[in-house]
Amino acid sequence: MNFKHKFVFLFPGLFVLIGILIFPIIFTIRLSLSGWNSYTPEMNFIGITNYIRLFTDDPRFWESFFRLSFLSVTTVILQYVIGFALAMMVWREIKFKRFFRVIFLVPMMTTPVIMTVIWRTFFHESLGPVNDLLGGLGVKPILWLSDPVIAKFTVIIVEVWQWTPFMFLLLLAGLLSLPKEPFLAAAIDGASPFRKFVYVTFPLMAPISIGAIIIRLIEASKIMDTVFVLTSGGPGTATETSSFYIYIKGLREFQMGYAATLSFTYLVIMIISLTIIAKVLTKLMIKE
Amino acid sequence: MNLIGEKISYKPDEQFHLNDVSFNFKKGNLYTILGRTLSGKTTLLKTIAGLLNPDQGSISFEEKDFIKIPVWERNVAMVYQQFINYPHLNVYENITFPLEQRKLSPEQIKKDVDEALKTVGLVGFENRKIQELSGGQQQRVALARSLAKKAKILLLDEPLVNLDYKLREQLREEFKRIFSEGLSQDTILIYSTTDPQEVMELNGEVIVLDEGKVLQKGPAKEIFENPSNLKVAEISNDPPMNVLKGSKNSKNLNFENISLEIPNHFKNLEDRDYNFGIRASEIKLDENGEEFEIELAEISGSETLLHLKRGNSKIIALIEEVMNFKIHEKVKINFNANKFYAFGEDEKLVSSPYGGTNG
Amino acid sequence: MSKLYTFLKYFFITFWTVFVVAPFLWAVSTSFKDFQSVNSKVTYIPWLDFEPTLEGWRVLIKSPAKGGVDIVEPYFNSIFVTCTASLISIVLGTLAAYALSRFTFKAGFVRNNDITFFFISQRIMPPIVLSIPFFIFLSTIGLLDSLLGLVVVYIVLLMPIAVWIMVDFFNRVPKELDETALIDGCNPYQAFYKVVLPNSIPGLIVAGMFCIIFGWIDFFFAFILTFTEVQLLPVKVVALNSSITPWWSLSASALVSVAPLIIVAFIVERYLSKGNLSGALK
Amino acid sequence: MKTIKTCVTALISALLVFSPVAYADKWSDQFPHIKATGDIPGDCSYESMSKKNYKGKTLKINTHAVPVMGEPTALHAEQFAKLTGAKVDVTHTPAGDLYAKAMVPFQAGQAPYDIVFGFSNFINDWRRYLEPVPKKYVEMKQMKDVTPSHIGVASWDGVMYQFPVDGDRHYLKYRKDVIDNPEYQKQYKEATGKELKVPTTWKEYGEMAAYFNGWDWDGDGEKEYGSAEVMKKDDLMYAAFYSRSAAYSKNPKTPGGFFFDLETMKPLINNPGFVEALTDWVAATKYVPPGGINFGLGDEIGSFGGGQTLFSFSWDDAFVAAMQPDSPINNKVGAAQLPGAMKVWNRKTNSWDEGFNQAPFFVWGWAVGVAKKSKEKEMAFDYLCFFANEANHQADIGIGRFGVNPFRNDDFKVDVWTQIGWDKDIAQSYVDTLAQMEQSKNRVFPLRVPGTFEFNAALATAAAKALAGQLSPQAALDEAAKQWEDILNRVGKDNVRKAYAVGVAMEDNKQ
Amino acid sequence: MEEQMAKIDLSNISHTYNPLDPKPTYALNPFSMTWENGKRYAILGPSGCGKTTMLNIVSGLVRPSKGEILFDETPVTDLKTEDRNIAQVFQFPVIYNTMTVYDNLAFPLRCREFTKEKIEERVKAVSDTLNLSSFLNSPARKLTADQKQLISLGRGLVREDVAAVLMDEPLTVIDPDLKFRLRRNLKEINEQYKTTLVYVTHDQNEAMTFAENIIVMDQGEIVQVGLPKDLFEKPKTTFVGYFIGSPAMNIFHSTVSSDHEVKINDTTIKTNSNLGNLKDKNVKLGIRSEFIELAEKEKSNTVKIKLTRVEDFGNFKLLTGKMGDLVIKSKVEREKPIPDGELNLYFPPEKCCVYSDEKLV
């Protein structure tokens, strides 16, 4: 089917999107070639100076990028594993199924910046309930937010809490749409629940999984609100992610030109790496 | 005033879906397009409907360039092999849908729909939801929608293929009645199928398609009796025509250590190697016949299909009876030599018991 | 084996439920506290551990001059912006998704998949990347600090989601359905709204749900692009983050901000249970 | 009967109207906020403001989140609106985003706000977008009372860009009930051989904090800790570091720069003085409450104000919070100057000068300015003037959560504080502490140069790494110094020098 | 091959989906039946006739409302599918996508922890029979649909102890070209393995091709069990007559006129049935169009018809004629000359079936 009318369908959305984005993108690229900062707020042209600085003299950005990779990959893996497990558990009949399903969806509906504030009080090392309850069990206070290593995991915990529901929803919907024959066949073959999962459920869910993981990786790579509120990137720079670093450079230190350089570089890296991840995942999980 | 297609080709990717197809369809006639799956039948119908634009060639209808007319103005109707109806509408609304598109008066719509419902035997089902109907009923709704439209070109794309055996039989019967009673003399009916029986039964003009190419055109009987080559012979017979590699000499036809007397219509045939063709129904069980081994006895309707093997040749015999056989059992059969076809090594028809030759 | 499995299953479910609910319970508890109950030692249960006060909740509707944050107007602003942007995104996104699912586009090396990727890739951009350009952009077209300006920005945020869901969805609606409509005399637009759309309700619900969620929870753009005329809920709530943080009112406002989306959770679950969404969410 | 009653009422009313108190009450009835003092006559008093008419005009203000500064802003906005008929829109923004929230529109040539609140050290970045305070206001009576150091903080090169509404400095807060407790004094002496008294050096501070760390010394059943400090790497953390470094590095013998050597513009922050301070600070992580290494100002206020620690140093907030009537440690806290050191680095001789040294840090405080592009400048200044009028100011400084702190000579009177329920000796120590800082000749002012944010952020990042144990103090500060060089090169040494000279002049108290 | 297959007894089975109703509507009417070891059974009927319910009862997916199922005299009614020792092949080929063909076939044995040698031996044996030997190391997902279906089957066969292999319309999604191959394979396998095979289908061709015993079902009821030939020649009900064979059996309303004769319109037809106690009652006469012969002239047991249509099916011709308002179809050889207008058709008495109350007399 091919009509000239096809453009009437595509163009409104496409042009609105391009129309809104074209200026910001060009502006960002141009800005990245300028030295705009708080004291010289002008679109001067300084060539690729900013890029040279980024590639030769800014280990903090690259550290933040690797930290981001670690955080997003870890959270997404955890979200996937937990989301899958939860979906598996409320997939078939279980008591209070609907109650659990709703409960499991709720965190996704909360605003990260607001919810993280609650988390911050929750994990407050001396005034929060977690250490207090652990103290009741005789566990020494854990430095949830102030130990460079533990803080990373606290960020991960909060991210997992917030976004596992998203995974859960996509995977549960996927499970609900699976045919039942393969499961019967496996039962008849005498497969244990474990084997059933490894050889039936998991392979059948592979395409859905890939979609869900990619989408979550895209979203997780933007992780910022959580870090912003929870630890402000600290202690030290232990939880600083790329977008938070860009935020600091841009809106705290007001090095707009350099922040634009960071942004643009970051975007390019993200698009490339996400494309590669998508390809690799497809290879690994579907094995075509 | 005909529907004329000339040198239509469609090649969206590496392969031709249609390759140099021409046709001339006259009003009031039934055309069947016979071909295997993926032979280009659906593509051809979609091209006529206007859902696809050919890369090359032209289609004209009533002396107008059809390709320039968009689908929705072409006044065609199409029934798909999947039972396509509007899931959000009930039976009645489904059938009125195209009529309302044409802005007919409510009385006219009511009249046409009732008529169509009666034709397909769905009176009383008006308010049912589509999902509540069986496959056969769904296909009837689709057909009713097409009929109610009174389109000038009615396209049916393997409408029965996805139905149960018995339903197929029943609906086919109804089709014949509908085609003879329910259509005006203005309508061109084009019916595509993979089933040679259907083609014979509908008894219209046939186009045999394979890999997007027209292999043969003609009345059903002609196709059946004088297939122009081996491919057509295979496609147009169910079970496919048996092919035996063999040779003719001055005295006999020889294949698989079997010698047969030369039938009359082969008398003038050159002595050389041939692909002999013989229909399954022309092979009979015979105590004095040649021995073959049974690979499978298949019962189809009220017939038994014997899949037989001897040497390198595999053939199928059709027994007009329901019989039970065991696999690997030996049976003796007899070929009706008078019904042998001879195809050259280029697979073209050389001699047919019905007198046809290629060219 | 299966007993152990059942035990583990219920254990895990219970554990996760507790994990999910815990911060909310903590927020509920905290919302009734005051400076002393928060800062002296860890307290949990009102009356038992501390004397509850409604101050945290009262703050939400009090004027700032009395130390409150008036969240009523921001609340409605948020609802308006989220719903409007979602609606526009879904309309435009659905149209584009339909085009991408049904027609072939070729322009140079660009194919359908590339266009789809372009749409979805907008989600890759962290808000920070776009915040300043958007600021300049909106100030140029005079939409800074206005609901309309936010709607414009949120379209960028939400349309990718609508396109992502709907392309997938349309790919599973048989093409023959639209073809039949065309044959039945509908032009492509009629075919779309008379036939395709009525059969896409589950997809639209999912897309709508995601748009609403992602619109509702945005903070960054709402923060950068508004001043005094317009404030959205998250910005208003985060503005509670003073150097003396009023945990109580933050908790109360967190609970208030979650409330409308809990309804969304129920709708989603309902559709899931009816099996309507599984097709739309693969 | 009825007539008599009416007469008496009328008489009393008449008396009230004509007495000074009665005059004040006319406004305090309407505005209970100032009921303690009533309206105090002045250029921007309630009385004067009520004569202005801004009907139909709108004033837009961006201020800090409620309650610190946010609540008084909103409160005075409401009063101002009532008095003048103007419409006042106030938005609240978290501290960390105040800078960007104003800077983004400034740089885009917009003026969405007429009045922007921020920190005083934004002055160099903001001043070119701010309207200098008109002469009329500078010469007002209420302005004359502002201490010279706070005039200095609000001005740049003699031009006042920020309207003084708040005064800030870092000083030491301690638990009087512990330090003055003979029982603990004895106990401490036995344990360490030293006197338990208000610490005068950081070393003493550390020893005491370490001793009183991790046990229940106030008998409330909860553990208490040594010190609450801002260690979270955000916009405030470097201030705590400068407070701790001043004594080791601000040598009265070597004027001409604390952060940089004004002549060479070489960063000084990795000299042994700073390293010593950072080493102290790293040691301090051992006597802060759990999670103390991630305390922001709010946490610090909550921790000390809630009675959790022995010491704290930074802005007034924690002290004032502790002194609120409903606080459990109300009147149990004391104020003192920041501790000093027994040695100070001499960068000229490249050696330690032995002997006691102390240097107060006039850390930035709340500052507010009027946008140059504002269309309602007059109204804006009137509002600010009204905000800081005597009556409002006196009422504001007593309310801890308002974050409005003393910056006028008047504020250094003991009775201002005893009036609101402080014990006399505590009020005295508080006032003394503040006054002494005004008089000190060896002071440190915050860095106010182009790129201030970058310098401070680089330092904070490095210090945070040291606190987290990622780097040694020396290495961390070397890293920071290197980054400072980079920033200098990017911004231009001369630009920075020019700006820094303004601050150094104030530090060296030359004006 | 040892005889390990089981005899399956279905005793007094019935099933209803509303068991609490005092007069339940049965999805499966009460019946008893025994399936012998090593035989091939087909359950045939239109959709909704209860055939899938019956299969599910055997496989354990549905617990019958009443009655008992015994495998080799052992009751299994309450056992779950996985414990019943059956194999099942579904409409859609079910394979483990991530495994090779070998692993697929070995899977049921691995689940049961057989030794490596034993597994190897069994897989080899089964793959030889199924012609899968050459694919053993290829990933199962790369095979064609019919090969995949063979793997599904192979996983059942690889276990020597399965009581029965159940197949639920296994050829539905198989390409017509491949169907033949698979049918032959199934039949061969059965002959070699002597497995009890139960085959559910709506397609009479499949059922008749495949099974020795066909169980025809209609509306929850078993209407006939028998060999294909019996079903064809002596359908026990008019439904079987209609359902089996193409075209369907000719069925005429008639009245019994004597002990062996019925009357259609005014023509008397002799049959071999004993109709003594049905005198003057209304019955139906059924005869297959294959068995109707063209008669030169009117004689006994001929009917005179008016020819309305002659259709050339290629392999045969179908005559449609009318006798009054009754339509008669008769299949004749293609080459046979057909006279125009009226002709006489002969009904051989031994091929005439008489139905009273839709049941064969």
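Just a few scattered comments:
As written, the chains take the letters A, B, C, D and E, and residue 1 is the first residue of each chain.
Methods note: a contact is a pair of C-beta atoms (placed from the backbone, for glycine too) under 8 Å apart; a residue touches a chain by one contact, two chains touch by 3 or more.
Note that the structure is a prediction, hence the values are computed from the model and not measured.
The minimal number of chain-to-chain contact steps leading from chain C to chain E is 2. Summed over C-beta pairs in contact, the chain pair with the top total is A-C.
In whole angstrom, the spacing between the mean C-alpha positions of chain B and chain D is 93.
In terms of their C-alpha centroids, the spacing between chain A and chain B amounts to 56 Å. A straight line joining the Cα centres of chain C and chain D is 40 Å long.
If you average the CA atoms of chain B and of chain E, the two centres end up 27 Å from each other.
Counting partner chains per residue, chain C shows two or more touched chains at residues 38-39, 41, 132, 136, 179, 182, 187, 224, 238, 241, 245. Residues of chain A found to touch two or more other chains are 1-3, 127, 131, 192, 251, 256.
For chain B, the set of residues that touch two or more other chains comprises 51, 70.
Note for the complex: chain E touches chain B at residues 46-47, 175-176, 180, 183-184, 187-188, 191, 202-205, 208-209, 212, 227-229, 231-233, 242-243, 245-248, 288, 290, 311-316, 331, 334. Here chain A touches chain E in the complex through residues 179, 181-182, 184-185, 187-192, 195, 199-200, 203-204, 287, going by the rule given at the top. Touching chain D in their complex are the following residues of chain C: 35-36, 38-41, 59, 63-69, 132, 135-136, 139, 144-145, 223-224, 227-229, 231, 236, 238-246.
If you check the complex, the residues on chain B that touch chain E are 37, 134, 164-166, 169, 194, 196-197, 200-201, 203, 220-221, 224, 237-238, 279-281, 295-303, 307, 318, 320-324, 326-327. The touching residues of chain A, when paired with chain D in their complex, are 35-39, 41, 57, 60, 124-127, 131, 141, 143-148, 151, 231-238, 248, 251-256.
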